[in-house]
Every structure is written in C-alpha cells, then in structure tokens.
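Structures are listed in the sections that come next.
Both complexes shown next keep subunit A, but they swap its partner, so subunit B is in the first and subunit C is in the second.
Right, the complex of A and B next:
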C-alpha cells in the first residue's frame, strides 16, 4: 500500500512538473495551441465552403477533430522526446539509477504531455465560438469530463509506448514528424473512416486516439452515450502500459549491458 | 603517398575577385547545406522530407474533398507545391541561424568575404531540395490522387514551381536572419509553414477567405506561384500565367533583399554591441 502511494505521488509530481515545463516551451505552445487553431480555421473554412457535409453540428465536429489532432501532436512530440531529452541533458542515468521506479517517472511525463495536449481542444472550441459563431452544446455533458479523462489516460499510455520504442532510434523527432499526419488520417479525426479506404478500419481499432475521439465526439454530438469507446480506450491504455513496461525493461537492460544509456 | 612541400597547390583566389566570389557562392552553399542543415542525413531526411509530405498531401486531399465536395486534385496540387516549404523555410532558417548555434558565426563574419556570395550561395541547395520534394509530391499526387500533368505545359509548371520555391526560400532566409536574434528560430519557421497552409490558397480557395486574409496572401510566397501552377496543370500557357510567375519571382526577390538587409544590419549591430554569440 505504501508503495502504491509512493508511486502515485511520483507520477503526480512528474505529471505536474511536465505540464509546467511545457507551459514555458514555445514549441509546445505552438503545437498545443497555435497549430490546432490554424488547422481548425482551415477545417472551418473548408466545411463552410462545402455546406453541411458533416451534418448540423459541422463546426463543433471540426473543432473537436482539429483539437484532437493537436492532442495527438503534443503527445507525439512530448512523448517521442521524453527519454531523448533526458539523454541530452545528462539526467537519464540519474533517473534510471534512482530507487524510484523509472516507468512511473516516464508515465508521469507522458501523462503530462497528453494532458497538455488538451489545451488544443479548449483552444479550437474557443476559437470556433469567437470567430466562426460555433454553437457549444453537449448531448451528454456529464460524460464529457469522463471521456476527456479516459482520453488523457489512453494517450498517455500510448505515449509511453512511443517513448520507449523511439529510444532505440537516434532521431526520435524525425519519427514524430512522420507519424503526425498518418494518425490524423487513420483515426478519423476530421475525416470519417467511412469515407476512407476500408483497410484503414482494422488499423484504427488498435489505436486509442480513434476511441478517444469517438468518446469525446460521442459525448458532445453523439446520438447515444459512448460507453463502448471509453471501455476500449481504457483497455488499450492497459495493453499499451504493459507493453511499454516490457519494452522499457528490455531497452534499459540492453543499454546498461552495452553501456549505451547516455549515448544519444 | 603523401604530399611534399614541393607539391604544386591551386592558387587561392584573391578575396573579393569574381572567381573567389563565385567559388564562395557555390562551394560555400554546398558546404553550408552539409554542415548546417540538420536533416541532411537519411535517418532524418526520409521521415521528414519524404514521409511527412506524403501523408500531408493525402490528409488534405481527404479532408478537402470530404468537406467541400471538390475534386482532390485542387488539394493535391496545393500541398505538392507547399511541401517545398519544409526545405525552403526550415532549411534556410537552419542554414543561417545554425552558424550562431554551432559557434561558427564569429569565424564566418571575421572573414573579408563578400556577404552577397556567402548569403546568396545558401539559397541554391535549398531551392534544389525544395524542388525535389515538390516533384516527389507531384509524383505522389499522380500515383494516388490522379493528378495528370500535360506535356505541353510541363515547362510552365516547372517555371512556376521554381519561382514559388525561390520565394519560399527567400522568406525562409528572412526567418533565418531573425533567428540569429531569437532563442528559438524554429518557432517562427513552424508558424510560417502552418500559416502558408491557411493563407496562400494551398487548401482553401482564395475567394472563400475574408478580404483581409486575401490581402495578406498577396504578399506571401506561394499565392501567385500556386495559382500559376494550378492553371498550368489545367493547360494554361506562359502567356496566361507569366504575370503570376513574375509576381512570385518579384515577391521572392523582395524577401531575399529584406533578408540580406536584415543579415547585414544584425551583423553591424552585433559587432557594435558585442552580442555576436549571445544567446
């Protein structure tokens, strides 16, 4: 029980520390606020030019979708570099050698990154309301915070898996550049999967942003409560976390054996 | 076998001569590309300048045709041209600002070499690189989105593309100059790349934009060049789009002059205030 409390406190501290350090980063302000607002504007103009392609609540649909794109970008860049930055700063060895569990430190970092990403949804909604006259209503307002919390958790765990996988690759930022658009496409963030090639569907099922988007959008403009999406999000989060722990153990063992922990 | 003291060596051109300046322009540009462009290695180049543009084109083609009901060709061409900004903006920013970050700026500015030759030579590799990325973008658009180029207007498309990539690299050079004073030059570079997507008719037809955004788009790279390229893909000849291409070249030249002026001003100011390497 004492261990659980210690680990929870550790995750919480790192989570808050990550959030505060991202707030001081121009890059993450750009990724989590400016970029989503620009993409939201593009989507708003396009949907306005095309009439009501996405139904009555087109603008809210676009705002949530582009906001979620920002969440993914922040998670991707924040988590992709999570281990690498410690390598560059020379703090990775200290963290790994500390008696605290390193997977908990990493989880706090990645949860912080995904939480920071949710500024994106706030930014695109405020932008849509202020400049495009977007109406704001939620069909299931009580479910919305739950959907957001589930989305943060699932993206944080996916980010942890990314962080541990990227560490084997010297140029994690290049992989982050590569993976931004494909996930926007394959998880149906602004273009429904129904209008994309059918073979993308099965890929999207294994990606938690698909269900996170479904849960958030379902709570706001859905016809029924998105319970299944939330459950799948949580299930995938658990799978990602367990996979990330295994990968992390393997990577750290290998790095210790080969004496390459600090080699970036 | 090693060289001896009697081995004849090529005479070094006298600083300031035309030959020295041309040499500096050409070799300096190539060396700066290899030394300062962080992405000039396959492990970064392929994901960033080949992979990301591929998915950018596919993403906006899907979004644009879904949201507007328009043909994917409009979005494919727009993005196939805009992806050259990856080289033009980020590359030029790095080619100038990294001199300071890598600690070579003071050595560079201590030389009597022509600033025009130093500065101008940096454009060439990034223009070539931008063209390469755009040509790749057109290939993706042809393969997956059915964009067809006509042989008879291929030259006009190429000219429009060269003008656009040049003007994009020129505004990248302005950003590079500014980055010599900023803590994080890539912030502005990222912002510029995203703003092109919004303002320049890459994804949104210009007539859909509010008046003030159209006015801004008129002084940005891409807007006129992209119109010319789209028209040429549709079959327009040089007589129809030559004016647009000339405007794009003009915008590029204006940004290049502004960038050089900024570079010169910052050099003088840094010397006067002893802030050359201050970050």
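Right, the complex of A and C next:
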C-alpha cells in the first residue's frame, strides 16, 4: 500500500514537472496550439464550403477532430522521443540510476506529454467559438471531463509503449513522422470511420485514439453515453502499459549490456 | 562473536571486473570488433575513505564507475556496494549511492535549479516532509542559496557543477561517486569543490573520485589507484606512489620550439632516467628525471644546443611525476609484451 502511494506520488510529480518543461518549450507550444488552430481553420472552411447541412454540430465535430490531431502529434513527438531526449540531455543515466521505478517515471513523463496535448482541443474550441461562431453545448456535460481524462490516460500509456519501442531504433524521429498522418486518418479524427475502407476497421479497434475520439465526440455531440468507448480506452491503456513495461525491461537490460544509456 | 570483532563490510568492492565493448569496423563489410575497456580491476574501499581513481583518457575509469553504479553490466567479475551486488541487487545499491559527473549535461536547463532539485528529490525517494529542508541545506552547502529560482540555462559552468553535486547528495547517500567533477571549472570553482568534497568525507561519506588533476588527488585522496589501459598499475597512498620516484630529482626546462632531436639528445644522456614533454600555448616544458644528487642542469642545457630556453627549475618529484612514470613504464611494458607476442606468432 505504501508502495502504491509512493508510486502514485512519483507519477504525479513527474507529470507536473513534464508539463512545466513542455510549457518552456516553443516547439511543443507550437505543436499543441498553433498547428491544431491551423488545421481547425482549414476544416471549418472546408465544411462551410461544402454547404454542410448539419451546421453547428459539424463545426464541433470538426473542432474536436482537429483538436485530437494536435493531441496525437504532441503525444507522438513528446512520448516517442521521451527516452531519446533524456539520453541526449545526459539525464537518462540519472533517471535509471535512481532508486525509483523507471517505468513509473516514464509513465509520468508520457502522461505529461499527452495531457499537454489536450491544449490542442482547448485551443481549437476557443478558436472555433471566436471566429466561426461555434456553440459549446455538450450533450453529456458530466461525461465529457471523464472522457478527456480517460483519453489522456490511454494516450499516455500508448506514448509509453512508443517511447520504449522507439528507443530501440536510431532513426525513431523518422518513424514518428511516418505515424502522424496515418493515425489521424485511421482513428477517425479527420473523417468518420464509416467512410473509410472496411479493412481499416480492425486496425483502428486496437488503437486507443479511436476510442478516445469516440468517447470525446460521444460526450459532446453523441446520442447516447459513450461508456463502451471509455471502457475500451481504459482496457487498451492497461494492455499498452503492460506491454511497455516488458519492452522497457528489455530495453534497459540491453542498454546496460551495450553501454547505450549515455551518449557521452 | 561481538559486533566489534566482525570484519567490516567494504563500502565498495571490485573483484576482477572486466568489461568488453562490442563494436564494428567498416561500412560495407562490417567486421565485429571487441574492445576490452576494463581488464580485471580489483580493489576495496572501506567506509569513510576518499579513494581516487587516476588514469589517462580511455584508461577505463568511467567504465569502472559505471559498472559500480549499476549502469553497465560487467562482462565478468563481481562488484558490491556495502555487500550488495551491483548486477543482482540494483535497487539496494542505488539507494546507497550518489553519482556526480563533470560537464554541462545532466540537468534540465529550461527550468530552475529548485525545480531540478525537487524533481530529483522525488526520484531519489526523499520523504516529502524532508525535501524542503534537505534542498535548502544542499543549496547552502554548494553556495547556490539565493540563485535557486533562476533557470539553469543561465548558470555558469561552476554553478552547474555545484548543482550537480547538490543533486547527487539529495538522498544523503552513503557512497558518492564523483566522475571528474572539476573538469572545466575555473581555479576558484575547483577549489570550492575540493572543500565540498573534503566536507563529505568529514561527514562520514565514502567517496570514489576520478580526476585528471594530480594535485587534486594528492590533496584529497586517502588512497589512489592508477589505472592504465584497463588495469590498475599502482595502488597506495599519495606518499606510496611518490615513493616510486622518491630517489629522483626533476629539472623543469621551459623551451620555445624544441626540436625532437634535441629531446632525444637529452634522453641519450647516461644520467637521465626519463624525459617527458608538456605542450603549453607558446612553449614546451621538458621534465627531466635523473638520480637524486646528480648535477646535470648545465649538461642538459648544452645538449639542447640552439634551442631557445626560458625558465629552468630544479625540484622534488610530485605525484604527477610518479603518475607519468607509472603510465609511461606500464605503456612501454604493454608495447614490449605486444611486440613479443607478435614475434612469437
């Protein structure tokens, strides 16, 4: 029980520290705020040009989708490079040599990155309301914060899996770029999954951003509470975390064998 | 058996530590290459001792430290910290050790020193109730009180190094590993750091220090191990090591543009034991060792011929002379052994 309290506090403090570090980084502020605002503007203009009949609902649909695109970008770059950045900065050795559990430290870091990504949703909603007259009416206002929290958790755990896997590859940055656009499309952030080819469906089921998107949109403009999407989101988060722990153990053992914890 | 009669557990113990790195050569036809960085290092450090590990670049100092602090797995051999195996009991070892290295890396530049220390305090398991007091104590110890709210990116090298020391001591470790902590510090900063290190030993900590600076090792360390090419070539107190050159005298000759032939001419003198050269900005310092009591200064100057000579000083041997002698003789012995092996093949 003491261990659980200690690890929860550790994740919490690392989460706060990571958020503060992101706030001091121009790169992440641009990724999390400016980029989704640009995407949102394009989406709003496209929907308006298409003479969309759904009107206000569609504007919110587009805002949440483009917001989630920003969330994914921040998660991908923030988490994908989490271990590598610490290696470049010379702090990875210190984190690993600390008596705390490194998987908890990494979880705090990736949750921090995914949380920071949620600035994107806030930015696109404010942008949509200010410039495009988008209303902010959530159909399930009490569920919306829960959906957001579940989404942060599941994306943080997915980020942890990405961080541990990417560190095995020297050119992980290229891999990050490669994964950005396809995930936007295959998880229904840009267009509804129903309009995509059927064979993409099973792929999207194993990606938590799909269910995170459905949970958030379902809470805001859904016809029924998105409970199933939230449960699936949490289930996938648990699977990602367990996989990440296994990969991390392998990665750290390999790093201690191959002397790759430090670049110095 | 009474506790007093029980043998004391060494703070640090290395037994035949070996570490081999695998790498490769070539781009198209890659061939594996095995580099032995540490070739059977053994030593023991009792609690409360300040132990120095001296050696040239690439001698195996940092590799040895990284095995002791659980960041590298030994290829063979064993190492323990207060009886805990560095491979099998990593958590127990990590609780007891602090690690400080020199240089600019290893800190979060975009946040304040205080944020850095709070973060690492959490990671190093400092109890929440103790964190504020402990951080204040350490800021005071390293002389950063009043500057803790500033971002680290604005810190000078000396301030960063002091912050590193504070970070390494957050959890009040029993053993502190200092890997070239004074590298790049100005003389005042280095002196302050030496005072801090002395304070650690006075507080009962065991310290393992690696450094390039002989006077630093001489001034601080209880015992020193000289490591060269992955092997310990000498181990003892500063006085023990200096004993290797105790029967010698050193003549320091400042020259400007000395030719290799002139240096060879000095080496050819029958009373000269060794000649080492240090390059300075505009000059070279020749360190000529000869038997104590010999008067060869005038003869050395005449052997230098037309070479422009500056200051000439005769002095007692220092730890640095002993170190240079040890490194030179072991490197020569290795080269001879390698040649012998090549001939026998």
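Worth a mention:
Quick note on the criterion: the second predicted complex is superposed on the first by the 258 of 264 C-alpha atoms of A that agree within 3 Å, B and C clash if a C-alpha of one lies under 4 Å from a C-alpha of the other, contacts with A are read in each partner's own complex, and residues count from 1 in each chain.
The rule is simple: a residue touches a chain if its C-beta (ideal position, glycine included) is under 8 Å from a C-beta of that chain, and two chains touch if they have at least 3 such contacts.
Because the structure is predicted, anything quoted here is derived from the model rather than measured.
In the superposition on chain A, contact of A:191 is made with subunit B only, not with subunit C.
In the superposed pair of complexes, A:177 makes contact with subunit B only, with no contact to subunit C.
After overlaying the two complexes on the shared chain, residue contacts for A:41 are found with subunit B alone; subunit C is out of touch. Once the two complexes are laid over each other on the shared chain, residue contacts for A:246 go to neither subunit B nor subunit C.
Contacts of A:261 after superposition: subunit C is touched, whereas subunit B is not reached.
In the superposition on chain A, A:98 makes contact with subunit C only, while subunit B stays out of contact range.
A simple residue count on subunit A separates subunit B from subunit C, and the partner touching more is B.
The contact surfaces that subunit B and subunit C form on subunit A in the two complexes do not overlap at any residue. Chain contact summary for the complex, subunit A toward subunit B: residues 26-27, 30, 34-35, 38-39, 41-43, 45-51, 53-54, 62, 169-171, 173-175, 177-178, 180-182, 184-185, 190-192, 195-196.
Taken in their complex, subunit C has these residues touching subunit A: 21-22, 63, 66, 69-73, 91, 94-95, 97, 99, 101, 103, 105-111, 115, 118-120, 122-125, 128, 167, 171.
Within the complex, the subunit B residues that touch subunit A are 39, 43-44, 47-48, 51-52, 55-56, 58-59, 62-64, 66-70, 183-184, 186-187, 190-191, 194-195, 197-198, 203-205, 208-209.
Subunit A contributes residues 6, 9-10, 13-14, 17, 20-21, 24-25, 89-91, 93-100, 105, 256-259, 261-262, 264 to its touches with subunit C in the complex.
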